[in-house]
C-alpha cells in the first residue's frame, strides 16, 4: 500500500513539473509537424484534447473542464466565452507578430478591441462528395438540394452524412430556404425543421468527424462538413489510391463561414507558454501550415507567400469575393431562442 | 439461547456498517436526489443549472407534451428485449456444451468465452464497424442490434453456464428412462431448472442495454437514437441539464418499475410452486 | 446423436460469432495503409507508432492506476458491506448497496456529474473518476462476499467467541481467511470493471486525465487508423494474461458469481 502511495505522489508531481501546454482544439486542425516544431523551439510539450463542435466544447467547459490553456472557438463561441468572463486578456507585448494578421481580421465583430482572440483559420461548412459517383448518378453538387431534396436523396439513400450540430445543420437548411442563419422568427426555423425531418430518413447518420474516413474509403458519397475536413478526405483518398476522387464546394445558396481563434482560458496554468504558442503560430511559415497541411483558410497576411498555389486557388478554402458575399457567420442567440432551437433539435433527433 | 452474533459487538456492527453506508449515501443517494431536483430546475444562461430558486415543470411538460418521447422509451425497451432474447438463444447452446464437457476441458472453454470479453468494450464495437462498413450494413438498426448483442453476450453466457453446471445429470437420465425425447427433456427438465440463470443473465444484459449510447452513436443511423443518446446530448451538447435530468429520472423510474414487477412476478411464481408441493 | 451434432454446430457458430470480428481487428492491425479499407501489406509500423504515442501510454497508466486504487478501496468497503448484509439485518442496506449495480451506468454518470459540479463545485479529474469507480464497484464486491459467507458454518464463530476471542481477532484469524477467495474475486471484478469502464468515466472525466477507453473512443471517432487496431490487440493480449493469472490464483472467480 505504501509503495502505491509513493507511486501516486511521484505521478502527480511529475505531471506538474513538466512544461505542458494544454490545447483544446478541433480535431484535424493543427498538424503534428507544426506542433513538433513548436515543441522543439519551446522545449515543452503540447497536450491536445479534441472536440468536434463548439457546443461540445462549451458544454465540457460548463461541466467543469478546467486547465486548458488555449481553446480554438469559432466567433460566436468567443462571444459566449467573453460574456461569461471565461477568457484571459491577451498580453500584446508577448505577441510581436500580431501585425501579421490580415486587416479584415484585426477587429472582428466578436472581439472588436482584439483583447481576447487571435484569428487563426477559417473554414466554410459545405458539401463534400465522391466525384465519380455524383457524375454517374447525374447529381448536382453545387446546391444544398443534394442533401435536402428527396428526389436527389433517393439515388444516394444511406450514402449521405450530415453534421451532428444543431447550429450547422439548421443553418444549412435555412440557407437552402433562403433565410438568414440569424433569423429570429421561430416559424421560419420550424420550416427548416420540417425540411430536415423530411430528408432525415435518407441520411446514413449524423457525423462530426467520421465522415472524413467514410468519404475517403468510399462508404459515404456525400457529406455535410467542414472544408478542411473535405480537403483531408481528398488527400487521404489520393494517398490510398482509391479508385475515385473527392470534391467539395460551397453551395450556391450560401453557407456558414467560421473564423476560428486562439483564446486563453482563464483557468490555464501556463499563459506564458500560451502566448509563445500563439506568437509562434502568427509567424508566416507556421501560419501557412494551416492552409498547406490542413486545408483551411488563413487569417495571416505573412502566410500568403508560403501557401501552395493550388490551395490558394481552391474556392472551397479561399472563397472568392462573390462567394464571400453569400457566406454568413453564426452568432449566439438569446437564451430563450437558444432553448427553443435546442428543443427543436431534440425533436429532430427523435422523430 | 441468545444469538452470539448480535451479542457483544454493537460497536463492531457500526464499525463494519458505517463506512460503506456513508460512502454510498454521499456518492450515490445524494447525487440521485440531486438529479431529481435538477429535473425541476431551469437551464443556466451559459449551460448547467440556474441558481437554486429558479424552478419549473418545463422539462416534464416538454417530455409529456409529445408522445414521441414515450416512443423513444418504447424503442429503447424494444431494443433491450430483442438483444436479451437473441443473447439467450445464442448463449444457451454454448453454455450447455461447456457445462456438459469433461471438467478438464471446461476451464479452457470458459476461458475461450472470456477472451473476447477481455477486450475493451469499445474495441468490440470497433470490430463491428470494421465488419459492417464494407458490407454496407453500417448505420442500420441491424448494426445496432448486432453491436448490442456482441457486447453483452458474455454476460449471458457466464450466469447460464454457472447454473447449468449444477444440474444433476441423473434427472435427465430418469426422464429418458421414462420415455421423454430430447426436446421434451430440454423443455420440461433443463429449461425450467435453468430459469434462475436465464433471469440473472437477462438482468445483466437488459439493464446495461437500456442506458447505452455508444453503440447507437457509433453503429447506428439517424433513426436509431436511443434514450441514452438523448440524455447524453442534453448534457454534453444542448446545455439543457434539466431536460437531461428529467429524462434520466424517467429512465430510473422505468427500470425500478420493471424490477418491482419482476420481483412481484418471482414471488408469485414461488408461491405457485409452493402450492403444488 | 443428432442432437449432439446440432449442439456442436450451434456452439461453433457462437464461438465464431465471438471471434471473427476480433480476428479481423487483430489482422488489420498489421495492415500497411492509413485507411482501414482493404488489405495492402504487412507491417508492424502501427505498433511502433503506438509505443511512441505518449498520450496513449499516459491514458493507459491512468487507467491502471485508477483501477488499482478504486479496486482496493472498493474491496475494503464492499467486504464491509457484504459482511454487514450477511450478519445484520438492516433493511436499507441491500437496497443502498445493490441499486448502483442495478442501474444503467448513464444514470450514475449523470448524477455524479451533477453532484460534483453543482454541489461540490469540484474540478473534474482524477478524483472524480476514482470516486465514481468505487461507487459502482462496492455492490459487486458485496454480493460476492455475501454469497461466500452464506455458505458458511456459523458454529465456527460461536466457538471462537466461547474461547474468548475479540471481534477483531475473530475477523483477522477466522473470517478474513475464509472470505479471502471472495475478496480476490471481488478485487479482480472491480479491477476489470474499472479498466473497461466507459460510460461513467465519460461523464466525470476532466481535463488532462484520460483513461484508455476514453482515448480509444476519441480515436475511433477521429483517427480510425490501424493504430486503433494495434491498441485493441495489445489490450486483448494483456487482459488474457491477467485472466490466465487470475484463473490460476482463484479458480472460483467464475463460480462465485452465481
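Residue numbering begins at 1 within each chain, and the chains themselves are lettered A, B and C in the order written.
Operating definition for what follows: contacts are C-beta pairs under 8 Å (C-beta built on N, C-alpha and C of every residue); 3 or more make two chains touch, one makes a residue touch a chain.
None of the values given here were measured: they were computed from a predicted structure.
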Most distant chain from subunit B by Cα centroid: A
Selected pair, greater C-beta contact count between B-C and A-B: B-C
Interchain centroid distance [CA atoms averaged], subunit A/subunit B, Å: 38
Distance from subunit C to subunit B - Cα centre to Cα centre, in angstrom: 16
Set of subunit C residues in contact with two or more other chains: 36-37, 113, 117, 221, 224
Junction residues of subunit A - those touching two or more other chains: 63, 217
For subunit B, residues contacting two or more additional chains: 48, 134, 235
Subunit C partner contacts - residues on subunit A that touch it in the complex: 1, 4, 7-8, 11, 15, 22, 24, 27-28, 45, 47, 49-50, 52, 63-68, 208-210, 213, 216-218, 236, 239-240, 242
Residue ranges of subunit C touching subunit A (in the complex, touch as defined): 33-37, 54-55, 61, 65, 68-69, 72, 113, 116-117, 121-124, 206-208, 210, 218, 221-222, 224
Subunit C residues touching subunit B - in the complex, by the definition given at the top: 3, 7-8, 10-11, 14-15, 17-22, 24-25, 28, 36-37, 76-78, 80-81, 83-84, 87-88, 90, 93, 96-97, 99-100, 102-108, 110-115, 117-119, 131-132, 134-135, 138, 142, 154, 157-158, 161, 167, 196, 198-199, 203, 212-213, 216-217, 220-221, 224, 228-229, 231-232, 235-236, 239-240, 242-244, 247, 251, 254-255, 257-258
Subunit B residues touching subunit C - in the complex, by the definition given at the top: 4-9, 12-13, 16-17, 19-21, 23-25, 27-32, 34-35, 38, 48-49, 90-91, 93-94, 96-97, 107, 110-116, 118-131, 134, 150, 153, 158-159, 161-163, 165-166, 182, 197, 200, 203, 207-208, 210-214, 218, 228, 231-232, 235, 241, 244-245, 248, 251-252, 255, 259
Interface residues, subunit B side, partner subunit A - complex: 43-48, 62, 66, 68-69, 71-72, 133-134, 136, 138-140, 220-223, 225, 229-230, 233-240, 243
